[in-house]
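What follows is a pair of complexes built around chain A, which joins chain B in one and chain C in the other.
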Partner chain A sequence: MAKYILKRILYLFLTLFIIASITFFLMKMLPGTPFSNQNRLSPDQLAIVKAQYGLDQPIFIQYIRYIGGLFQGNLGTSFQFNNEPVTQLIGQRLAPSMQIGAQAMVLGTILGILLGAVAAIRKNSWVDTLATFVSILGISIPSFVLAVLLQFYLAYKWHIYPVALWDNFQSSVLPTIALAALPLGNVARFMRTEMVDVLSSDYIELAKSKGNSEWQVVIKHALRNSLIPIVTIIGPMAVSTMTGSMVVENIFSIPGIGEQFVKSITTNDYPTIMGLTIFYSFLLILVFLVVDILYVLIDPRIRLGNGGND
Partner chain B sequence: MEIPQIPKDKFKFLNNAGNKEQEKIGTPALTYMQDVRRRLFKNKVAVVCLTLLTIIVFISVFAPIIAPYNPNAQHATLSNLPPKLGNLNIPGFNGYQNMGGKMVDAYAQVHAPKGTHYLLGTDYLGRDLLSRIIYGTRLSLIVAVLATLVDLLIGIPYGIVSGWKGGMTDNVMQRIVEIVSSVPNLIVVILMMIILKPGLISIVLAIAITDWVTMARLIRAQTFQLKEQEYVLAARTLGESSTKIATKHLIPNLSSTIIIQTMFTIPNAIFFEAFLSFIGIGIPAPNASLGTLLSDGQKAFRFLPYQMWAPAIILSIIMIATNLLGDGLRDAFDPQSSD
Partner chain C sequence: MDKILEVKDLHVNFATYNGTVQAIRGVNFDLSAGETLAIVGESGSGKSITVRSILQLLAKNADINKGTILYHGEDLLKKSKKEMDNIRGNKISMIFQDPMTSLDPTMTIGKQVAEPLLIHNKVSKKEALGRAEEVLRLVGIPNPKERMNDYPHQFSGGQRQRIVIAIAIVDYPEILIADEPTTALDVTVQAQIIDLLKELQQKIGTAIIFITHDLGVVAGIADRVAVMYAGKFVEYGSVDEVFYNPQHPYTWGLLDSMPTLDTSEDDHLNSIPGTPPNLLDPPKGDAFAPRNEYAMQIDLEEQPPFFKISKTHYAATWLLHPDAPKVTPPKGIQKRFEKFKKLGDSK
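Here is the complex of A and B:
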């Protein structure tokens, strides 16, 4: 186990290194610089500014410097916000993104589990049809379409929640719902399939024949065993939540990293784009790693053998 | 040893007419594909989705004939007009607009020529929204289809080679897949969009470059199973080249996996295109896609909600229909997968 974890952590750093390198060279291939619009700069001034950011050095030297900086947790300085370090920029904006992301994932997972479980127990009834319909809507309707509709009705028309604001819990409700739809749909679907499988297994029959009530069987035996595989979809769920948050944060004007990422793209702020790319990748690879380890720990049926990861 | 020669006339038919009748096959044997089609058409949801998608594709293909106006023609005087369905007086579709609490005929206000009516209204530059939506859907579908094709062109050969060769080749190829798939799709797409010039080709490439991984993985896993089959062994023993085995034996047997996965790639591509256009790095102006229309609609939704509704509904319908059809196809190809 320890060897497996060590190997995975090694892979994590290798992957990050490759991502950082690719991002770096891609950014260098970009046309235009962040200073190209500022006609007021004389060639001399431009040279000074370039030297200040280290842009006058050969690309290879810049690359070595950048990777060296990464090892010290330095992601460079932003071009647009008064030379603020990118790490600091991310740090300030992390909390709102994490909050709505976590809220959405927890809400989506819990509702999804309930919906999927009920659908499986009452298989082929109207409840099942309704649950399937809801999960298909959740999977199909893009988060930004949902966000726009929520904003229009719940915020603008009916004044239940603020249109675009970030201060208290109230203002996080709409973005959370918009982001929770997709995890809800996915979890409900997954849960239903798992639960149907488990409910038709022998140990459930045994538990029933011992005279346990239906709900006892469901809660004590079926639910627990169907929950284990849900762990595997946490990774993809984190990816989709992150994707959604970029545009949902924009729609609701939330000062998070997703909104920052989109803003950096439109302003050619390379260091921030690179920094956020690496940060996002790190976050996701970490989530995948933790999920894989958790899965092995939770489910004793899984053994790490040779070639077991194929 | 000598084989005894038995003259032919020693053999004779038994009188077993009844037996022959028993052996007869009553209905013609169905091929696998016919079976799949029958199961698919039995599924009502899938049929409805297929019909809807067929209509949408038909309208998109014949957009130049069907669209009532030029989607990019601007009429500064006729901007932001609400929907009007001829002279029918249906609330919401009669050309009346809420202005300061009163319903006002917006068409009369801007002195629109008699008989002017826009089924879904106009946008802020006076462009016909219906025509823009038709052309936008067309563009979104073109992006999705092209991206899926590129995806197939990379994913299938990659998966087959990786699965077929095995060993070291497979190991290296799978590490590459792991690295590509560990970077969030969207970030790769966005990076590609920044580097390439904005436009159709860039979006297609950007989407395809991340999407092929899933296809390659599925194909590889299937190839691993297929290459152990007797008919592949037979083909090998007969001296068929690897390329021929791949095209003649593997791909036909992979077709169900490919078709099902394609049905899930298409909505994914539509989503990414809409997403990129929505945040402003997708299809450049003046062309419309569902994403740009939705983004424009969102900006104006306080006063002109109709501009947001139409693209939102069309986008959602396409996404739901493709997803449901994908489910239907999966059940049709593999009846065991559904419960």
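Here is the complex of A and C:
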């Protein structure tokens, strides 16, 4: 297993390299330049500025330079945002996004698992109908609509939470709920389907015949077996919760990373776009690795590496 | 002998979209301590439902709408959920048909075998696992100590059925219900499992209710046999009585469709024509009548009561009525009658 994980980490860097290369050339195809006041610059001034950022070189040279920097852990400096190094820029903005994303994932997944499980156990009852209703709402209402609704009622009208602020845990509650709706709905739906299947399987009947009560059967046998497909959807969802939070971050004025990504694209801030893309890719690949490890922990039939022979 | 289980007038219905299926229509039997009762019949005759009713492990749309199931004189159907949990896996346990799907794929077999002990007895985890290891050795799992930590997928089908049996017997049940425990296994493994069950029965003295559609298996393990058809017993008696002195035309059909050592290459195996009745709308008379070449007018109009053949042997067919005409059973059955006479003479 350790060997397998090491191999995967090696692939991780290889994948990142490829992604960095593709993004680099794609980005250069973006219309516009990094200079917002280009019209007012004389050709000479423009040449000086371009030379300063190395933009006067042929694209291929720029590429070599950038990749060279990457290997030294240097993501370059931002054109905007006070010429800050991109690593520092991401570092500062990462914490709020990660906090909200992680809180939303944990909340959504746990509630989704519970809701789905209860719906499956009480199949065709009012709980089941309620669960279906909640998960449809969670999936179909866009997070920003929910965010605005939460903001209006819980913050503006009833003053329970701050409207748009970023300081303590209190201020993270509303964005967390807004972002948790989608994972909650998805997980609940998958959990219900899988649990209904598992509950009708032979080993559950055997577990009942041992004298387990209905809830013991669920906790000891059904839950773990139902989690396998949940793990599959959690990976990509975790990433989309963290990247998809841009609009929600904007609504609640959270100094997060998503907001910055949008800004950097609209201003052709090449080093920041590159840095964030590489960072998101890294996150995604890492999540997939974690998902694969989770599989092994949950399902003993799955073995990593060697085509399942070890 | 002590009767530990008495099932009286059991009726089970299933609510379906098409209506109410009367799956069990009045089943009576009893079980004495330490004996083996086999229930045979074709698929859909209600064998599984009969025994699952005892443990109340029926689908949610099932309704045991009539009858009593007395276990040591107490009606199991009147027990609370919790009282039933205390009986399952402890006093009465069950072996399931398909060993490939009966074990929890994500739990080590040691834990799965130890589970009933932890549910029903105040034992430590260590004690329970120790006992599980002992029982795994008893059912013939090699190196049980090392294999305790393996998962079901690491065992063969035959071994998995041994593990399922280990789970069923780990708490020394008084009654063991075996629901077609050999059907999913190949023939050589079947024989091993039957031998194992017999051996375990002697060691722990449990009574067994053995369900099968394989008459060959019955002869090897049962003391008594009940033949079931369309939700009712049609004939029951000792193994010798049912095998060599069968009285119900359905039993004749079953026995005649089974090859014996006397069957030569030129003989052809008989089959019973037709299909079982639809229990959504069970026939008024004998359910077997439409498939029965010996059927009389009364078979279509009225259900036959049980006629007594001996103290232990009963069959529900109008052919046994004193006024019924004498019929000649199939050749294969006549041969069996001759054998039965010899058995009687030698006794």
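As a convention for this text, the second predicted complex is superposed on the first by the 279 of 310 C-alpha atoms of A that agree within 3 Å, B and C clash if a C-alpha of one lies under 4 Å from a C-alpha of the other, contacts with A are read in each partner's own complex, and residues count from 1 in each chain.
Operating definition for what follows: contacts are C-beta pairs under 8 Å (C-beta built on N, C-alpha and C of every residue); 3 or more make two chains touch, one makes a residue touch a chain.
What you see is a predicted model, and the numbers here were worked out from it, not measured in a lab.
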For this session: Give one word, clash or fit, describing how chain B and chain C relate on chain A after superposing.
Result: fit
For this session: Using the superposition on chain A described above, determine whether A:Ala188 touches chain B (first), chain C (second), both, or neither.
Result: neither
Exercise. Of the two partner chains, chain B (first) and chain C (second), which one does A:Pro142 touch, if any: first, second, both, or neither?
Worked result: first
For this session: Report for A:Ala104: first if it touches chain B alone, second if chain C alone, otherwise both or neither.
Result: neither
For this session: Tell me which partner A:Ala155 touches in the superposition: chain B (first), chain C (second), both or neither.
Result: neither
Problem set entry | Of chain C and chain B, partner touching more chain A residues | B
For this session: Determine, under the contact definition given at the top, whether A:Val196 touches first (chain B), second (chain C), both, or neither.
Result: first
Exercise. Looking at the overlay, what does A:Ala117 touch: chain B (first), chain C (second), both, or neither?
Worked result: neither
For this session: Using the touch definition from the top, say if A:Ile254 reaches chain B (first), chain C (second), both or neither.
Result: neither
Exercise. Between chain B and chain C, what is the tightest CA to CA spacing in Å in the combined model?
Worked result: 14
Problem set entry | Residue numbers on chain A that touch chain C, as the complex places them | 201-203, 205-214, 216, 220-221, 224-225, 298-301
Problem set entry | Complex contacts: residues of chain C adjacent to chain A | 55, 57, 81-82, 85-90, 93-94, 96, 98, 101-107, 115-116, 119-120, 151, 153, 164, 167-168
Exercise. Okay, in this complex, where on chain A does chain B touch?
Worked result: 11, 15, 18-19, 23, 26, 29-30, 123, 136-137, 139-142, 144-145, 148-149, 151-152, 156, 193, 196-197, 239, 242-243, 246-247, 250-251, 261-262, 265-266, 273, 277, 280-281, 284-285, 288
Problem set entry | chain A partner contacts - residues on chain B that touch it in the complex | 178-179, 182-187, 190-191, 194-195, 267, 271, 274-275, 278-281, 294, 297-298, 301-302, 305, 308, 312, 315-316, 319-320, 323-324, 339
